[in-house]
Structures are given as structure tokens and as C-alpha cells.
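Shared between the two complexes below is chain A, which pairs with chain B and chain C, respectively.
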Partner chain A sequence: MNREGMVKIFGCIGAIVLAIAAPLALSSIYWTSVFTSIAINSLMAASLRTIFIIGEFSLGHVGFMCIGAYTSALLTMKAGLPFGLTLPAAGLLAGLVAFALGYPFMRVKGIYFVILTLVTSESFRLLIYNWKNFTGGYDGLIGFPGAGVLSIPGLGQVDFNGFTEYYYLTLAVVCVSLFILYRLEKSRLGFTWLAIQEADKMAGAVGVNVLRYKVIAFSIASFFAGLGGGLLAHFERALGPQATAFFGVMTTIYLLIYMVVGGKSKFVGPIMGAVVLSLISEFTRPVEEYQPMIIGAIAIAMVMLIPEGLVSIPEKIGKWLSRPLE
Partner chain B sequence: MDITVQEFWQGLINGLALGWIYVLMALGLTLIFGIMHIMQFAHGEIYMLGAYITYYLISSYKGPLYMAAGLSMLAMTVLGVILERFLFRPFKENWTAAVVAAVGLSLILQSGVIVMFGLHHRNLPMLAEGPFNIMGSIIVPKDRIVAVAVAVFLSLVLYLFLKATKYGQAMVASAQNPDGAILQGIGPDKMAALSMGIGCALAAAGGVLAGSMFQMGPFMGILPLVKGLLIIVIGGLGSLPGAFIAGMSLGLIDGVFPILFGHAWASLSPLFFVIFILVIKPQGLFGHE
Partner chain C sequence: MGFLEIRKLTRFFGGLAAVMELDMDVGQGQLFGLIGPNGAGKTTVLNMVGGTLRPSRGQIIFDGAEVTKLPPHRRAQRGIARVFQENLLFSSFTVLENVQVGYHLQSRIDLSSIFFETRSNRIQEKELEQKAMDTLEFVGLGQYTNEVAVNLPHGRQRLLALAIALAAQPQLLLLDEPVTGMAAEEVETMLSMVRALREQKGITCIIIEHNLKAVMGLCDRIAVLNFGRKIAEGPPEEIVENPAVMEAYLGKEEDVT
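Then we have the complex of A and B:
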């Protein structure tokens, strides 16, 4: 195996070991919940990148997260379904909505698509906010059950209501989702997406159904956004007034910044961006009102100084070290 | 659900006033996009900042509303020119980086206002006091009429500026064909600065109108930004008549639909509207490829 492949595999194993060990080492509920939200953010940023692969940009990813969160919450609350069913349902509904919206939306490109996604997520948020007798509106949904007891093959019945247990559940779902996204990107489908990103007219000319592949990418990305929303809902166990604000433009902006600061050219970039920037926002919590300012300044500095993102730093250092001596 | 005539008229008038505020946003956005090819996602924050500067001038120096609003528009013009030079000019060739820079800017401005003024909702003084009677039975608040008049006036001034002055024509030329415009001695950077200045002034005016009719808060800019962008998609990029028609339709949808169909369905209606337009004419009502 070549060196790059080794780095990838060991980096992946190292990250997973670190993620498993971190709550045990710190053993504080606060940090465990921080890690849970970082895991969810990583999934969101990585799935946002799937839309980027077809050469589009989305500012509406959080809208599909919102659909997922409310689907899962309402299904557990009103229909009494177990979390093991509501979580996939959350993803599926988000994916289906994206599939239906994809056909009209993918008729336009570039900045128009960005605008449409932004409008979509704001419309969903307002719908949730205004549909009082179904989604609870401003008061939100409070006291729906957590993940509860699930039977895991090999482990038997496991109670996922505790913070640490829920963290591991989230981590497992996120890791599997990231693996699927990674494999999809390296598959034939992923190469078709890349072809569309590079030259969509050319791809169409050689017989690729561009519209269909674009819609597929949008739906898959939204499916994982819905999963992220479901995970978030049962982590918070309440979708209150903060939730209707959470599913707004600000979170979308954060996701975009995670992706770009991390570096959108590589799969690991958005995940790295989500982890690093979430940790930075965590450490700047004492000056909470300055938090968005710090993140915004980091974003602007990154696109001005290192537009390829954090993932390009090792490469840059390598180039600098191996530069020819004068 | 019973809807009285008065309620309906109230919705109609509010919708009209809202629509014109959205049009002011859209005109600035389309001007900036037409010349710089950058979508100014921080335009909502310029709108919010315009309202807050007016508020600050009135509460600290007890100035009259109209003077404070004028000064705030001037301040935003200067800010727009500065932003163009130092933030957006480096990203001329790269629209995705420009989007990130714009959203980063909007985070900075929003959190700056929260630090300075807090999260409370505030109010600007009314534009005009008292009601206004049309045909006896229908009562319209006077400030709505003043707001519409101001917005129509500003839009007309912009229209005349673009049609009848040397600089306006230069801007139109630069938007239509930047290379051709350079050959005629029209510098694209100068035009970009001009468009940012004008766009930001219009946004500030919209913010002041909204702040005085409704409430102002640090997040007040998000909704008009979304509507302004939506107007561009519906009306077609760079089309002034398209912006007016789309703005009026969206404003009336916002004003009347909640009364007719309830808030829940009204919040989805702009989305359905834009999907409908996209299906029949993807480049917008008055757009062309």
C-alpha cells in the first residue's frame, strides 16, 4: 500500500479511537454533549459537501435538518414509534422532499440555486414556527422520549438514554454515514458527479443525465442532513424556541463556513473544519456575544489567506520544506 | 374564519409597504450583482445597521428622524465603498469565496450590533402620526403611505439615475458588457464602488422604513434579504420592472395570505410561487439568458 493510503487509514483509525476515548478521558457530561454536537456538525458539513461535488452551493442545508428533527420528534411523540425506526424515517422524508424540490431547483445554477436553497430553508422554518397545533410553533415540542432501549446485534439490549451512551450511538451513526458518503464519492456515481462539476454540458453531451444525477446528489445530501436533524432532536429532547432559531440562516452560514474553512476539495476537509471551529466556539464561550464575530473573522481570513482550507496546510508545509535551496 | 373588510385592507396596505421595502433590497442586490457578479449576502445586515445607526443618532443626539435617516444612508454608502475596496475586490474572480466572505461579514456585523445594543427589540419614531381615511370606511395608517411614497421616490431616483445620467449609463454599460465598457473608458472598479454605495444606501433606507413601521432587532435583516433574493430570482436578474412586479407580489402575499389562509400556509407560499415561476420560465419573469 502506498504512503497516502496508509496515512488515510491510520488517520481514520486514530480519529475514531480519539473520538471513543475522549468522553472516557474527560468524563464530564458537559464535554460529552459538546462532542455529540460536534459529531452531528461533522455529518452536516460532510453531507453539505456532497452538494458541492456537483458544483453547486447550498445555503439551505439546515432546512432538511429541520425536517428530520421534527419528523423524528413527532413520530416518537404522536405515533410512539421507536427511535430505531424514526431516525431512518427522518432521513427518508428529508431526502424525499429534496428529491421533489430538486427537479425545479436544478433547472438553475450557481447563485440562483444558492438563493433557492436559502428560501427553502427559511420557508420550512417559518412553517414550523407557524403551524402551531402540529409542531408546537414557538413553544415547540417538549418532552419527547430520547433514544430509549434499542437492541443492537452482538450487544443485546442497550439503553441509550444516558449522555455517554447517546454519544456513542451518535458517533456510530455518524461514522457509518460518513463511510457511506465516502464510498459513494469514490464510486461510479461519485465520478459522474465530478464530471458534472468539471463540465456539466460535456457530461450531458456524452450521455449523462445531468439533471437526474444532480437531483440524486441533492437528495442523498439531504437524507444525511435529515439523519443529523433526527440525532440532534433526540439529543436535545426538546425543540423549543431556540430550535426555531437554530434552524435559521445562522446555522446554515456556520455549516458553509465549516466546509470552506476545513477545505472543500477533500472529503476530510468539512469534518476537520466542523471539529476545529466547534472547538473554537466552545473555548470562546466566556465571550459568547463575540462568538459569531470570531467565526466570521476566521472565515474571511481563511478565504483571503488559505482559500484551499485547513486540509491544504500539511501539503503547503511539505512543499515549503522541500523547496529548492537558493 | 370571518375576515372583515378592514382586516383585509390592513393586510393589503401592510403588504404594499413591505413589498416596497423588499423592492429597495432587491434593487441594491441586483445592482451589485449586475456589476460585481457577487451576491451580497450581508445586505440584510447593512439594512439592519442602517436602522440601528438611525436609532443611535436619534437617541443620543435627539435629531429628527429624517435627518438621522439621511445621515445613516450616507454612512452606509461610505461603508459600502469601503467594503467593496477591501473585502469584495479580492474575490472578483471567485464567487464561492465571495459568498463566504459575505456571510462572514454578516456574522461580524450581527454580533457587533448585539454587543453594542443587546438583543432587545427597539423602535424608531413613527414616520407620520395618525390615520388616513379613504372612502370613509377604510382607515389606513399614515406612516404606511409615507413609507410607500419614500420607497417609490427612491426607486424612481435610481431609475432616472440609471437612464438619464452619465454615471448611470456607465453603470448600465458596465453591467451589460464589462470589457466593452473598459474600452470606452469606464473603469469596472469605480462602477463596483458606485454600485455598492448606492445599494447600501437603499438597504439603509429600507431598514429605517421597516424599523419605524415594525420592530427592529439584530436579526431583522434576514427576512428582507431572503425576500430581496427571491425577487431577483422571480423577476429576473437586472430587470427593474421584474423587481417591481415580483416585489409587489411577494409583499401582497406576505400581507394578505396570512389573513386569508392562516400563517402556516402563508409561510410556504413564496416557495410555491418561486417553484411555479421556475417551472414556466427558469430565467425569471423578465430575465433573459
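Then we have the complex of A and C:
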């Protein structure tokens, strides 16, 4: 195995060990819940990148998260289904909606696609806001169950209602999801996506069904956004007025910032961006009203100084260290 | 009956008729030239044959089946490939990867190939890589496999674009200005390549080119377009003598005495 492969594997193992050890070391409910939301943010940013790979930007990613959150919440509340079923259902419904919308949407490119995703996501939000007797509207859904007791192979029955247990469940779901997204990107499917990003006309001319491949990417990205929504819903255990604000366009913009600051050219970039910026958001909580400004300033500084993002820093340091001495 | 039959092909852009009632037959194995002054509608015809543009009216029949309404990838499946006018490549991919995209139709994408590196997947990857290498050898880019496409000089980029199109195993190749902007010796390489494609693989070509010397020396048959209409068609020696063609290119001779 080459050096780069070793770095990747050790980096990955290190990150997982750190993620597992962190709540135990800090043993505070506050930090555990912060880590849970960081894990969800990472999944959201990484799945947004899947849309970026086909050369498009979406301002409506959070809309699919919203579908996932309400699907899982309503299924547990109204149908009494267990979390083990409602979470995949959340992803599936979000993915299916994306699949159905993908065929008309992906016929347009660039800014037109961005606008379509933006208005779609806002429509989802307004639909939920106004469909009072089903979604609770402005009052929201309150007091739906958490993840509850799930049987895990090898561990038996585990109660995931506690903060720490729920964090580990989230971490597991996020890690598996990230692994899947990574494999997709490295496969021939991801190769074809990248080819479409580079030159869709040329790809079409050699037989790539561009529309279908774009819709697949959009659906997969939305599936994982739906999963993220499901995880968020049962973490918060309430989807109230703040939730309807959360599912607005600002959240997608944050996800885009995570992606850009972390570095969109590598898989790990958006995840890195999500972790670092979410932590910065936490540390700046005392000056909460300035948070968008701080994050915005960081984004601008990164774009101006290191446009390749945080992921490029180790490489840059490596180059600097191995520079010929005068 | 031709290999490619174009019947009353018409395309409007707003009120402008870019191509008007074009009838054209290209025989199998023919090297067919499409010439005309700028704005004559040559590229529009190629776009309609390649599928990136829908005709306003008319029919395109390829190998006995109508393809008028098929999207580009379906036409590629039937054997129509395209080299675009601009240097359209997968720019940040390596030369080898560019050609591997061309082999898309022969690659298999399924769940097992995404999550497991099975033996059959590895064999498939190896095979496709070898095929891509062979194609690169054919166009003479064998020693540049690991270069990033965008770093190649213009002439080699054109050859790479040709290699990508060849990877799709075409029967009909649409070449839009294959030698424009090339140095003299590069032009020769490209022309002999196109001849070799016909001789070795029986590939039919439609060639748009402003380099008239190249077209005349290469093609068996030439059609001349002017303002979207065909004003002449025939073998090269007839075309150069045709008064309507001279007029389209050079303007009308006027008595100024």
C-alpha cells in the first residue's frame, strides 16, 4: 500500500476513535449533543457534495432533510413504527421525491437548477408550516418518541433514548452512510459523475445517459439528507417553530460553506468543514448574534487565502517542509 | 438508400432558418465533407445528427432506423459518435481516463462493483484499461497516458478527442473541424488517421472543415451549404468547378468597367 493510502486509513481510524472517545472523555450531556449535531452536519455536507460531483449546486438540500425529519417523526407518532423502520423510510421518501423531481429539474443546469431547488425546498417548508392538522404547523410536533430500544446484533437490546447512546447510534449511521458515499464516489459510477461534471456534452456523445446519472446522484444525495433529517428529528424529539426556521435556506447555505471551507475537491473536505465550523459555532455561542458574521468572515477568508479548503493544508505544509533548502 | 439519410431537415432559431429542407445521403464507408462559409449551418446539421439539437422538421434515418428524436446517448449506442468543434475534453482527467470514459458503454456498473472489489470487476477494469491503451496507441498518444488532458497542446487534444469518440466504437463519426488550428504535419497525421479508420474499421465520417485543401484531398463526396441550404453536392473535383460554390465563397463577379 502506498503512503497516501496509509494516511487515509490511519486518518479514518483516528477520526473514528476520537469520535468514540470524545463523549466518554468529556462526559457532559452538552458536548455529547454538540457532537451528535456535528455528526449529522457532516452527513449533510458530505451528501451535498454528491450533487456537486455532477457539476450542480443545490440550495434546497435542507428541504430533503425536512422531508426525512417529518417522515420519521410522523411515522413514529401516528403509525407507532419503531425507529429502526422510520429512519430508512425517512431516507427512502426523501430519495423518492428527489427521483421524481430529478427528471424535470435536471433538464436545466447551473443557476436555473439552483433556483428550482431553492423554491422546492421552501415549498416543502411552507407546506409543513400550513398543513396544520397533519404536521402541527407552527406549533410543531412535540413529544414524539426517541430512538427507543433497538436490538443490535452482538449487543442485544440497547436503549437509545439516552444522549450518549443516541450519539453512538448517530455516529454509526453516519459512518456507514459516509462509507457508502465514499465507495460510490470511487466507483465507476462516481467516475461517470465526474465525467459529467467535466463535460456533459462529451459524456452524452459517448453514450452516457447524462440525465439518468444526474438523477441518480440527486436521489442518493437526497436519500442521505433524509436520513440526516430522521436522525435530527429523534435527537431533538420535537419539530417546532424553530424547526420550521431551521429548514430554511440559511441551513443549506451553511452546508455549502462547510463544503467550500473544508474543500470540495476531496471527499473528506465537507466533513472537515462541518466539524471545524460547527465547533467554531459552539465556541462563539456567547456572541450568538454575530455567529453568521463570524462564519461568513471565515468563509471569505478561506476562499481568498486557501481556495482549495482545509483539506489542502496538510499537503501545503508537506510541500513547505520538503522544499529545497537554500 | 444511404447509411445515413437526411430528409427535409430544417431547424429554425427564432425566425432564422439555420438549416432549410436539407436532403443528404451518406453511404457506408464514405468520407463525406460538409463545407460552406461561416454561418452556413454546418455545425447545426452535425448537432442534429449527433442529437444535441432537435430538428424543427425533417427526418434522420441511420442504418435503416429513424433516430430523429433520440437523445445523444441513445445515438451513441447505435454507433454515432462525435468530435466537437471546441476542444471539449474531460479536462482535469488524465489522457487514459478520458478514453476510459469513452468506453462507458462497455463498462458494467452494479452494486457489487461499487462495494466489493471482486475478481470479475478487476478483470473488467484491466480489460477496459487495455482497450483504452490500445486506442491511445492507435491515435499516437501512447506515451502521454498519465498527462492531464488540459496540459496537452492543441493538436494532441484534438487527437485525444478523436480517441474518446473511437472508444465508443462508432460506425459513423462526426468530425467538426478536426484539423483547424493544427500545424501542417499534424494535419497530415489527422488526415491519414481518418483514412485508416475507414480502411481498417470501415468507419463512415462526416467532416466539417474550413481547410479546403484538406477536405478536397480527403473526402469522396462533398456537400456545400450556404445560408442553411445545400447549393451543391458531388465529388471534390466537381465541387471546385461549381460556379455556385465559387460565388458562395468568393462573392459574385461583377463587371466594374
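The definition used in the following text is that the second predicted complex is superposed on the first by the 323 of 326 C-alpha atoms of A that agree within 3 Å, B and C clash if a C-alpha of one lies under 4 Å from a C-alpha of the other, contacts with A are read in each partner's own complex, and residues count from 1 in each chain.
Heads up, the rule we're going with is that a residue touches a chain if its C-beta (ideal position, glycine included) is under 8 Å from a C-beta of that chain, and two chains touch if they have at least 3 such contacts.
On a predicted model such as this, the values are computed, not experimentally measured, just so you know.
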Chain A as common anchor, with chain B and chain C clashing or fitting: fit
First, second, both or neither for A:Phe283, with chain B first and chain C second: neither
Contacts of A:Tyr112 with chain B and chain C, given as first, second, both or neither: first
Residue contacts with chain A in the superposition, chain B compared against chain C: B
Partner chain(s) touched by A:Val210 [first = chain B, second = chain C, both, neither]: second
Partner chain(s) touched by A:Tyr30 [first = chain B, second = chain C, both, neither]: neither
Chain B versus chain C as contact partner of A:Met202, first or second or both or neither: second
First, second, both or neither for A:Phe10, with chain B first and chain C second: neither
First, second, both or neither for A:Tyr138, with chain B first and chain C second: neither
First (chain B), second (chain C), both or neither touched by A:Leu101: first
Three-chain overlay, closest Cα atoms of chain B and chain C, distance in Å: 9
Touching residues on chain C, where the partner in the complex is chain A: 50-52, 71-73, 76-77, 81-82, 84, 88-93, 97, 100-102, 104-105, 107-109, 113-115, 161, 164-165, 167-168
Partner chain B, residues of chain A touching it in the complex: 57, 59, 101, 104-105, 107-108, 110-112, 114-116, 118-120, 122-123, 126-127, 129-132, 248-250, 253, 256-257, 260, 289-293, 295-300, 302-304, 307
Chain A residues touching chain C - in the complex, by the definition given at the top: 180, 183-184, 187-189, 191-192, 194-195, 198-199, 201-211
Complex contact set, residues of chain B against chain A: 33, 39, 41, 87, 90-91, 94-97, 99-101, 103-108, 110-112, 114-115, 219, 222-223, 226, 229-230, 232-233, 262-264, 266-268, 270-271, 274-275, 278-279, 282
